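So, here's a batch of structures to check.
Both of the next two complexes hold chain A, though its partner changes from chain B to chain C.
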Partner chain A sequence: MQARHSIFRTGFVHAALIAYTLISLFPVFLTVINSFKDRNAIFRAPLSVPTPQTFSLIGYQTVLGQGDFATYFQNSFIVTIVAIALVLLFGAMAAFALSEYRFRGNTLMGLYLAIGIMIPIRLGTVAILQGMVAANLVNTLTALILVYTAQGLPLAVFILSEFMRTVSDDLKNAGRIDGLSEYSIFFRLVLPLIRPAMATVAVFTMIPIWNDLWFPLILAPAEATKTVTLGSQIFIGQFVTNWNAVLAALSLAILPVLVLYVIFSRQLIRGITAGAVK
Partner chain B sequence: MGSLQLKSIRKAYGSHEVLKGIDLEVKDGEFVIFVGPSGCGKSTLLRTIAGLEDATSGSVQIDGVEVGHVAPAKRGIAMVFQSYALYPHLTVKDNMGLGLKQAGKPKAEIEEKVGKAASMLSLDPYLARRPAELSGGQRQRVAIGRAIVREPKLFLFDEPLSNLDAALRVNTRLEIARLHRSLKATMIYVTHDQVEAMTLADKIVVLNAGQIEQIGSPMDLYNRPANVFVAGFIGSPQMNFIDGARLGDKTAKTIGIRPEHLGLSRESGDWKGKVVHVEHLGADTIVYLESEQVGLITVRLFGEHRYAPDDIVYATPMVGSMHRFGADDRVLA
Partner chain C sequence: MSNATSLQEGQPTARRPKRWHILVFLLPALLVYSAVMILPLIETLRLSLFNMVDGQPTFVGLANFQVLFGDERWAHDFWNALKNNVIFFIIHMCVQNPIGVALAAMLSIPKLRFVTFYRTAIFLPTLLSFVIVGFIWKLILSPIWGVAPWMLDLVGLKSMFAPWLGKPGSALIAVSLISVWQYVGIPMMLIYAALLNIPDEVIEAAECDGVTGWSQFWKIKLPLILPAIGIISILTFVGNFNAFDLVYTVQGALAGPDGSTDILGTLLYRTFFGFQLQLGDRSMGATIATVMFLIILAGVSLYLFVIQRRMRRYQF
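== the complex of A and B ==
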């Protein structure tokens, strides 16, 4: 009885997860199949897979030929990677200070840093733009990197400080007795131990940055600083949209983020379950 | 090389006082054990000596040099932790050598010292392994090795055996005793286990609620406990405490007598009682009896004895084995 019951339950859980997976993957699937079809086929039968008659690489040819997509990819990569690196570095440092040292206002500081999770950074867009204009940073990748670092830090500090509390005090003290500086303790003892948490934060930080259209459009719309997401917009016109090109560009944009995800995902799964069972 | 002096050490977290004025002197080469119930401040005291915690007031001197503001690494100490605290990403060899490497010692010297410590602890086959690939006992030996390599003036042990199982605990205890003899180093050791304290120490410091209750050799504490707390804490099974008035003693509030200092007979004796429970341990037999005159008392007999619950027996204290304590719980001269 017990066994049947649990089979039913696991079956239900699996069904729910599979349904969710299908719903999540369907738009991606649709984007990818349609990117390999000619224009007529996209509109006539949007749900069918490419056949020899409808197969066409026109979208990819347009994207790779017309727009300067290599630059866009490069921009997206630079912005995402540098922002993740900065978020992880500063987030981990702040988290270490909050979890390791007793000082006046510790809790308040933690709350202040975490409050950013609840307040969307876009509310400050006008002020950010004015600031960037004043600092002469409009149309630079630096502007995007700064904004995304700020955007990612609250969650990073929040997650990482929770994880850092689980690192044994004895270990840090052993390091102090062996003559490690506080910086070495942080970089050589603590960081390697919270790698799963770092991967979790990296993925959660990376995806919104890679997909963002808002800040590239406002802060760095120049040709030289366009990101992939913004770059694909050139194919969307007010009256005519080159769907082949848009779909091809979006399909291409999925690839790098997929690669980064695979790199982090092994660590990520450990990170999520570690948080769940503690 | 390796004396320690503590003068009126106080430590408070906010308004909560953990250490209430500790004075202690440790001579070179002594093995001193801090023992006491959990929360008595013994670990805090050890951390204060190590420099991992700052005392609120008071002075710590190692070899006559004030070290209150000296970083842990510069105090000439080494510490072994209860949780081993090995660096998980380093091999055994690197774990043991890290302290010297940080101090900027030449590679050959590190190699030699690590090798010597490893052979002392029979860790040679494991030098290339990581801590995760070792058993609990081996990990603790690595932690001890890491301390030896530093050749410190003071070894500090923070409950090093608590995470080991019983058999391993005895082995490691012997190993530490052997180490103390061969290194002739000053060692300070924290434990809540009185057996460890009695077997290892030259000098035991009994702590309770942030204060030193008594300092003395194991046999001093056993034979001449200064107060009721020490009398109850040292010795197992615990000393019997009997209300002085029940024995007709006008001056002593409490009278203590150890279970092993009571004789038992079926025919005659001082205190008549009924057996409540018997524990047969092979080497010892522990008899609990309820006596009209002195209440529930424990008797420890050597060897095997055939007593059973509800037997009527007589207990007699050995001559000169009674400890008399006054109204302030201190021993009466």
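== the complex of A and C ==
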């Protein structure tokens, strides 16, 4: 009796989870399969997979021919990678200072850096734009990199200092006795040990940067500095009646996220589940 | 200077030399963070107290806020955006978070198979950009393509279909549900982590007392994951009152139809940047940003000082 009840319950749970999984994946699946079909097939049978008769790459040809997607991708890569590198370096340094040394104002400094976890940087946009205009940085990737570095730092410092507290003091003190400077202790002893935490922070930092629309729209809307998110937004806006092109552009925009997710999903999910509850 | 050092040297516990490395470690992060985040935020708050009078920026006190709350031209847009934003938030709280908790509860059943697959798949939409999500749903809900009516037909509800995004009455709900679809993964993951962290002894003790299944979830697990529910609530709150991208992608900067999906983020964008015939207005933009700041600050303070205090100390 107990066993039958439990099988029934497990079956119900699986049914519910499968149903929700379908809801999550269906829109993405629909977009990708239709991007490989000709226009008639998109409308006649939106839910069927492309067959040899309906297969067509016309959408991709339009996108790659008309839009400047190579530049957009390059811009997004540069901005994301440089910003992540700066967040990790500066964040780890600050986290080390806060977790390793006791000095006056330590707690206050920690709180100051934590403000940015809850208060979104977007609210300062009016003055950020003003500042970027004054510094002559509008329509440069530098402006975006600076903003994203500032945006990523609070959470990075917070997560990394939690991890740095777990690095053994004996190890650091042994280093000090061997005559290592504080800088070598940080770069040669501590950094290698917190690499897993750095990977988690990198993934967390990357997603909002890659997907952001607000700051590219306001700080760097020029053709040469468009990111892929802004580029596809504008491209799709212009080609809104060309369904092949729209679906192909969407699929191309999904692709890098999908690839990275497949590679990093374990890291990301472990990061959320471990970092969330201590 | 030399006096001071000699004095200190005379003391039994000689002060350590100035530890410059602490400053070196802190400085880069502090500089970027202060210059690009904190100072602009303060400057924005300050700008909200100024406006152009005869071409000169002049201190006007709270006049900008009076205009925003009371002036015919501004107040209508502002209260509309605030009301929509509140509805947007309520829909998230009532749909996204319960679904997230339910999914997490199912995923955390011991010895359930394919958990990793479900988790990975359900979390996927969270990683997509608003641009992708917005356009995909725009296409699916479009009456031209006919995917949504076709699917409703499968369950015999075809007559229910309407161009939801195009109707003032349903557009806000449709946009909110798209956002819920995208973000349900975050509450799911956080609650899932909290559920896994409940010690086995607690569950075993409950089972010994005959508390199982539903009543175990309601009486034992739910109280223990309340702190995590607090965290997802405040994250939802901050995210919702700061939202912009999805509405901009799906409905454009005017947040149509007829302003029915206008939220504070889109209002800020239009006000500050201008749109079509409307010129950008920096002071009023800063004023709206300040109001958003105060709303978020109020929410965060309520959480930190009232809600979190009542629960056990919790770190995330």
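A few notes on this one:
The rule is short, and it goes like this: the second predicted complex is superposed on the first by the 208 of 278 C-alpha atoms of A that agree within 3 Å, B and C clash if a C-alpha of one lies under 4 Å from a C-alpha of the other, contacts with A are read in each partner's own complex, and residues count from 1 in each chain.
The rule is short, and it goes like this: a contact is a pair of C-beta atoms (placed from the backbone, for glycine too) under 8 Å apart; a residue touches a chain by one contact, two chains touch by 3 or more.
What you see is a predicted model; the values in this text were computed from it and never measured.
In the overlay built on the shared chain, the residue A:N173 is in contact with chain B alone; chain C does not reach it. In the overlay built on the shared chain, the residue A:L219 is in contact with neither chain B nor chain C. In the superposition on chain A, A:P192 makes contact with chain B only, while chain C stays out of contact range. Of the two partners chain B and chain C, it is C that touches the larger number of chain A residues. Within chain A, no residue touches chain B in one complex and chain C in the other. For chain C in complex with chain A, the touching residues are 19, 21-22, 24-26, 28-30, 32-33, 35-44, 47, 99, 102-103, 106-107, 109, 112, 114, 117-125, 127-133, 135-137, 139-140, 145-147, 150, 181, 189-190, 192-194, 196-197, 213, 228, 231, 234, 238, 242, 244-245, 248-249, 265, 268-269, 272-273, 282, 285-286, 289, 292-293, 296-297, 300, 314-316. Chain contact summary for the complex, chain A toward chain C: residues 9-10, 13-14, 16-18, 20-21, 23-25, 27-28, 30-31, 42-43, 46-47, 86, 89-91, 93-94, 96-98, 101, 103, 109, 112-113, 115-116, 118-128, 130-131, 146-147, 149-151, 153-154, 157, 162, 181-183, 186, 207, 210-214, 218, 229, 232-233, 236, 243, 246-247, 250, 253-254, 257-258, 261, 265, 269, 272-278. Only residues 47, 50, 52, 71-74, 77-79, 81-89, 98-99, 102-103, 146, 150, 158 of chain B touch chain A when the two sit together in their complex.
Against chain B, the residues of chain A that register as touching in their complex are 168, 170-171, 173-180, 188-189, 192-193.
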